[in-house]
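Have a look at these structures, which come just after this line.
Look for chain A in each of the two complexes below; its partner is chain B in the first and chain C in the second.
After this line comes the complex of A and B, so read on.
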């Protein structure tokens, strides 16, 4: 299609390459489907449920007792903003899943407030995802997903479930909240997998 | 959750601007004719793509401002200072120009006339855009569902859809209440943000079982959604859409 927008010049930027269709922001925009849940750390827990129904559980002190990592990553939201070199602190899913016995291929992340998002389990492993509880050296704000959120920066940011409370592992791929509402089931920003069928 | 039956790919389509309406000093409504448009639900959004002579492209998402009745679609765009796409849509694009769009997108922040229970709409600034689409859908379906709009604006000149809202509010089933935060018209004593008192006075009560749609800049949506939950509304019935300056340059 060869449509030109008459009179549009645009604003080109040099430097870092962004995924297709993204623009750079220095702010940290918020996108959520409902009210922000306010979860106190003394009531917080994170569970992993395997395909056989076995459940592994961590409360806040247990999470804090695990080795944490400093993470610096670019993040890309499907609403088209990208933010570079964001800094986080959290526990790698490799650490949390180290002793979990599973042969599952898929995970559904569940959040306080009812949000869900689906991911292949392999995208959560090998240093690709974390349960993050600090952003920019501060405890993570509730509006950004605190006390803890999933961080999967190589996928569009809706996969990084805020207020995460657990993973349910499964042999079959089910769709999460936005994925059911027309967004892509995988969400690779570099392939611009925004919407179903992209 | 269930897997949707068909996951059809959305393709870029070319619309033509058939009319433009200045809403405020910084907002404009574009009326588009899009021959291939399959329709949308009130509250859904679409992507707009601009292409420069040399092939450079920029895309942004905008809520659809109109209900689908089979002919045109409307977008209302608020100009964002230092924005890349919105200044073009507000000041440059003219009647007869082509505009590439892709959509509709979003299956959560939507209202359909079949939906049960009253509908409470709460908008801040240009956050009123998808809410207007819902009221338009309500009117188009001659729905008797009770609908209320609380619309927070800085001053009288900031109101988008002035005459349209008057027309919509003429229905017995629709109630429109404006809230002025900086400057109010003569005869309107209240100046201030939406607070708990205003919510209890003008919004549906938790026991009314309304679905509430809140749209506006992030701080507005955070505040209003927190007020609703504190007032006893079921968080699962409060749907939000956040945008504006904190959503980055549009």
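After this line comes the complex of A and C, so read on.
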């Protein structure tokens, strides 16, 4: 017979919880919808275009000159893997957008190679997103989106556009590459917003 | 190491939608006009959906996303698919 000692409440192993429908991986799977662009940092640039057409531009030295942050976050891919405590270095979008004059509600991220993904602008602000250029203390590999990728870890990882080259801000919500083909326009892993209508 | 497969990989999901084997069809890219049998396109399947790209210009020819309720088929990148009349 089991004897339950009343004072013993147990201990949750690791204390980690995954979003619904996800499994834990220790690998870093590479997903790609096209050939991997190899963009050299001397040719790299990142632009922000506002709803009035004004463009702000950073080249690689300008990005490196901005204050960088060490980021440790869990990431969740819509193909159901989650990876915990991933470590990155990058520049907060709060820093990049600080002097950008805009009243836009939406952003479309554009990548080298043509990929796009849409996000509400507010999801890029308040310490929620970065332009990341190091993973695990190493320069970001091209297969993981280097030289720099968008990192928005609170949404499914397809929103963290690899090879990011710019944001286009807009008053209206347009849909990106996967969002026009059946994936959810927002993609909150904790609400399991995988597909349109979820 | 190549990260893509040939267009025959699309045969399974396409056969769920069409009665003819579209991988044997002649496909014209809407981006560059390159015209070839669809099976020769490059298919990226390690992704949230299946993406076929033109061997001439890398533009997207076709996308297939299968959700629990629906299959989305995007053919915007193709000018045409030419299928022999039987």
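The rule is short, and it goes like this: the second predicted complex is superposed on the first by the 183 of 198 C-alpha atoms of A that agree within 3 Å, B and C clash if a C-alpha of one lies under 4 Å from a C-alpha of the other, contacts with A are read in each partner's own complex, and residues count from 1 in each chain.
Here is the rule we use: a residue touches a chain if its C-beta (ideal position, glycine included) is under 8 Å from a C-beta of that chain, and two chains touch if they have at least 3 such contacts.
Everything numeric here is computed off the predicted structure, so don't read it as measured data.
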Contacts of A:79 with chain B and chain C, given as first, second, both or neither: both
Touched partner set for A:116, first chain B, second chain C, both or neither: first
First, second, both or neither for A:58, with chain B first and chain C second: neither
First (chain B), second (chain C), both or neither touched by A:163: neither
Partner, of chain C and chain B, that touches more residues belonging to chain A: B
Contacts of A:180 with chain B and chain C, given as first, second, both or neither: both
Partner chain(s) touched by A:36 [first = chain B, second = chain C, both, neither]: both
Touching partner for A:21 - first (chain B), second (chain C), both, neither: first
Chain B/chain C common contact set on chain A: 29-36, 79, 114, 178, 180-183, 195-196
Contacting residues of chain A [partner chain C, same complex]: 29-36, 78-79, 114, 158, 178, 180-183, 194-196
Chain A residues within the chain B interface of the complex: 1, 3-12, 21, 23, 25, 27, 29-37, 79-81, 113-114, 116, 143, 174-178, 180-183, 185, 195-198
Interfacial residue positions of chain B with respect to chain A in the complex: 1-4, 7-10, 12, 14, 50-53, 56-61, 84, 88, 92-94, 97-100, 105-109, 218, 222, 225-226, 228-229, 235-236, 238-240, 242, 246-249
Residues of chain C that touch chain A when the two form their complex: 3-4, 42, 44, 46-49, 51, 53, 58-60, 63, 65, 67-70, 72, 74
